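This report refers to the structure that appears directly beneath it.
The chains carry the letters A, B, C and D, assigned in the order they are written, with residues numbered from 1 in each.
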């Protein structure tokens, strides 16, 4: 059945294959009255486009967005917003052994088993290009969050074994290195690591972290649509993500209650937490402190080293994957994680508007 | 809006508070023709009930299920199955300082912010008792999986710092120790660790692992309802879970493509993988190998050690939480993780039935 | 898949069979802070219960509601509200020829074809008792509407050929006759008509009309979840309803644009319509005038006159249906139509809260 | 929230405004393996395009479809199918009084109230052009139905007061007259009626009927997603439709049980009905006989006769609507009704595949 739609109120439906006519997304349920133009979206798309550094594929993908609907005189109208990004790099070519072999680490085999047919051109729907629709929608969600005073920031916490400890973060350095790491020195080392892997035509993974500030307490819909649960779905649905954690995450498993509980304190009638092991959620709802989530990204599956595999006739064989591939997708995936977080938060902000009768009276009756 | 429903076709809707009349679940979309009785469900509920060992609360909760609808002559009819578990331990009592204070680590504060009203009795809807509905539904999902030759197994991989390495697993020992660990010796050590924490009225967490065998390749609906994405939502929606990973999970982030890719091989026309770093999913779909997921469970938030907090008037104060609480919820949460996995798999098996035209012809036309 | 849930934000999930343990409904997404008690719901249930007049079955169904969750100190908490109505009339009995024959006009045949199994006891899930869950949920929706100044009124417009023209309506008479007609004189004639049919053990149908006043303009979500579209689904989903119309409905088909268009006019800065052929909707949204909908209800299918049919072995036979049946279900269905209308309106009021950015700012920012 | 998506498994999401860049639809959940090309869709679009007769607007709309995704080598792949129809007639123009006035019978007023902003160009999202997305998706649904031996036929039953009785139907004449009526003689009279209204710049409505043959029994998901309930939503969601009925519809309200019940009979082990007052549904499921539904279409709201109305400042004024408008939209809406029926049936065919355990075993186990 359909798995291309995400969100309950702010709903995005993405479509498109790597080497088809284009990639797109329809955003339904976007509130009316938000200023929006192509440039707002382009800024986000440019953050994920290839060819930005020596660590990303040199493929030329311009990824220019066209807004097809939902705008009038520069504002959203409340009707669905359709965004189209034409595929430029669509020339007919020889797809070689990918046509008849299942690439290890890729979706080729289960896709064939599921649908009985597979668009092998550039990975089809399973290509990383699929995330373009997510990022385009994320740009719109981010505009809404910004108008409400909520800010998001995603960055690379680790590349392969090179992890940056929180105590060494300098957020101002994130945009200063091509790996989007909050520490230029470690980024430099990680870059050398990637370079060495590139020589072997091998690849690596990493960890992306995303934080959000300015959230009101109470976002998230217990019990299944909790803030952390929906974030987990949103982020795990990004290809190559193999793990998601909130706050201390897996470290919490080896902690104790006394260590892990964040004490509350009050100041000027407002509630704060002394620590933030919870990563900004309690009981599946935002608790008013900084939201912190992390995603584990596996190494790029496309490597030029010969690998053992089977063909579509289920015979043993060997595959060598040619073509231009990112040695690590983490830097380009940073904006994808940020976008999925923005979409999830926007949807939950809208859902939360119906939580209490007071809100209904505030909107529908004069007396309030 | 509504967050109490999970699943697209096999849909469960849970309800109930800790100290209300009862807890329940409605399962809609369960196929007709499955043999089912109260005992099938009771077996699952008994696995999560308290009082089974010295490491679980001594509260007396019988948790007896009543099937209210959806059955006829011992078989499911395709109509909604309503299950009711009455709360026994419902006596009126003095809820003490919980009434006017926000417990650290609990949902009290965001719940109050969100709804403006909070059922403080035993944690209300945010109590661990909420999971009873999940487990009752999981029992039914498991019956369906079993009829299709799919088996699930969940267990405790770690308690606090006591982690069992895969090489030391003995699945036959899981039910031999009260912590449900696949290694009796480490379970013994972990038990001593819990005992020492209990003396300090402190608590700990752990890691639960769940595996599934016998899955056909192709389960999962790209791109947002991928198998791993829905499992992440399902498991992260369990209170106290702070992280989810599939296969190598966070370890994959520091691996390389060559190490992490699982080579395919063929035997008798069937496709297998030499390794299973992916944990049974590729491109968000099952790949025919064993499904492996892990959940990080935080330490029990209710501890009797004095903690700093604020009251409902947003003034600084101190809280001591009395009552009977599990020093670690991991052993009782094992069946909850297994249940959420079973529900997710069942729903995706049903969704997958509509993936190709061949299936429609198989069911609707004679000629097939 | 699941068809027992209605609504997007205010979501109801009903369950239960005629002769099972009970009937119930879970209302998820009900805003917190609404005063509610069993009596609020009982009043609605009593309007549909049998035995109220000589025109309804003499079955004894007390239909007492129990609120199992979602309330605390007399107010809704924002968590799911579970309502249970035990079946009293559940004695074991001889179901006679219904066991092996398909009753004309009933769901027996398609139910068997669909599910392969059929709960024949009292019609199972296809019984009119299924509507109890709708009415119980409708009572809660009506409380919300009332708090917002919206009032609903449903009544019988026609019984068989006895139709009341709008010009002859006296709303004050609706509760004065057992058919809930807004004209006692025509109700008297209709009653005699029913009496004559009862002598032949035949049955009849009728038309139910429902109006709503006080709706703000703009309710309804184009293009598929328009106000009239969701009302059509809601009302057509009631067993025995064969047609739905809004405003002039089918009469509009033979009108002209000039006749059918309702001219707008302004008074004190407010917008009104001179006529209301549209029945309160324009472009699928409420237009601020009175909402008017009608439902055509077919004659009761259970009649004691011998009818030709087939048995479960697909052989020709004859059936005579015994037991106590309403000669006309219209009077008891009035509150069901009103309830489904109330539920739809409540859900659309909640959905509409997310229509524009101004509303978000109103709720989430102080500066508004 | 979002109202631009219809369907549970076969899900369509439409977007686009009358004078924006284009109109489109994303079909998610379409089974893989169906042959499809642009021509399949173009045939349907051509049936609704204007300028086909003297009774339709002379606007030039070519409405050429482009398939942007979801196809590979001429077959559906199971991924979302995105269809784009560029608006040709998009020249900048003077929108005159429509900018500042609310047209009677149109969505202008509630749209402004709901969203605070209104795309007045050609009616924006409320234009009849919105149905292009429905028809494009309907073409795909119809292909699926055809492969399963299910055929649909829609036609004009009435134009204004000119109604064709069933006894006078000749289906072979439907495509012989420009009104798509199954009786050329009455079509001729109806045509003269329209011509006379055109002279007065007035308009009229009519009734569209749609039938489906070859449906298996059991389609429809009780209790809220019944076949007739979803058809009611689907058809009522088409702009200008004010009423929907199934089978005898409103006539059933004045019938008796004995007349209205359709007796079953068996022939060669198969079950049939002697009559079809029910219009092919029983208990909200298909009963194996012909499906019959009717939609009442109101007269075109855009008329050139001066009408009283208010402006956006809520002052009284008069409006004259210029431009090229259909004097009756019924003939062009025929294919829209057929498309929405096809989409609903396709979705319910897919939903029904999960109704019983036997189907799961048929697809997932070898032994079946």
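In the analysis below, contacts are C-beta pairs under 8 Å (C-beta built on N, C-alpha and C of every residue); 3 or more make two chains touch, one makes a residue touch a chain.
Since the model is a prediction, treat every value here as computed from it, not as a measurement.
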**OP:** Compare the two sides of the chain C and chain D interface and say whether they are made mostly of the same residue numbers, over half shared, or of different ones.
**Re:** same
Original post:
Taking each chain's centre as the mean of its Cα atoms, which chain lies farthest from chain B?
Top reply: D
Original post:
Any idea how many Å lie between the Cα centroids of chain C and chain D?
Top reply: 25
**OP:** Please report how many Å separate the Cα centroid of chain B from that of chain D, as a whole number.
**Re:** 44
Original post:
Among the residues of chain C, which are close enough to touch at least two other chains?
Top reply: 1-5, 8-9, 14, 29, 32-33, 78-79, 114-116, 125, 216, 222, 350-351, 354-356, 358
Subject >> Parts of chain C lying in touch with chain B, wherever the complex brings them together >> reply: 1-5, 7-11, 13-17, 20-24, 26, 28-29, 32-33, 66-73, 75, 77-82, 84, 114-119, 121, 124-125, 350
Subject >> Residue ranges of chain D touching chain C (in the complex, touch as defined) >> reply: 1-6, 8-9, 14, 102, 104-111, 113-116, 125-126, 130, 158, 160-161, 197, 200, 202-207, 216-226, 228-237, 239, 241-250, 252-266, 269-271, 274, 278-279, 281-288, 296-303, 305, 307-310, 314-316, 351-352, 354-356, 358
Original post:
What does chain A use to touch chain C in their complex?
Top reply: 8-9, 29, 31-34, 76, 78-79, 144, 147-149, 216, 222, 349-351, 353-365
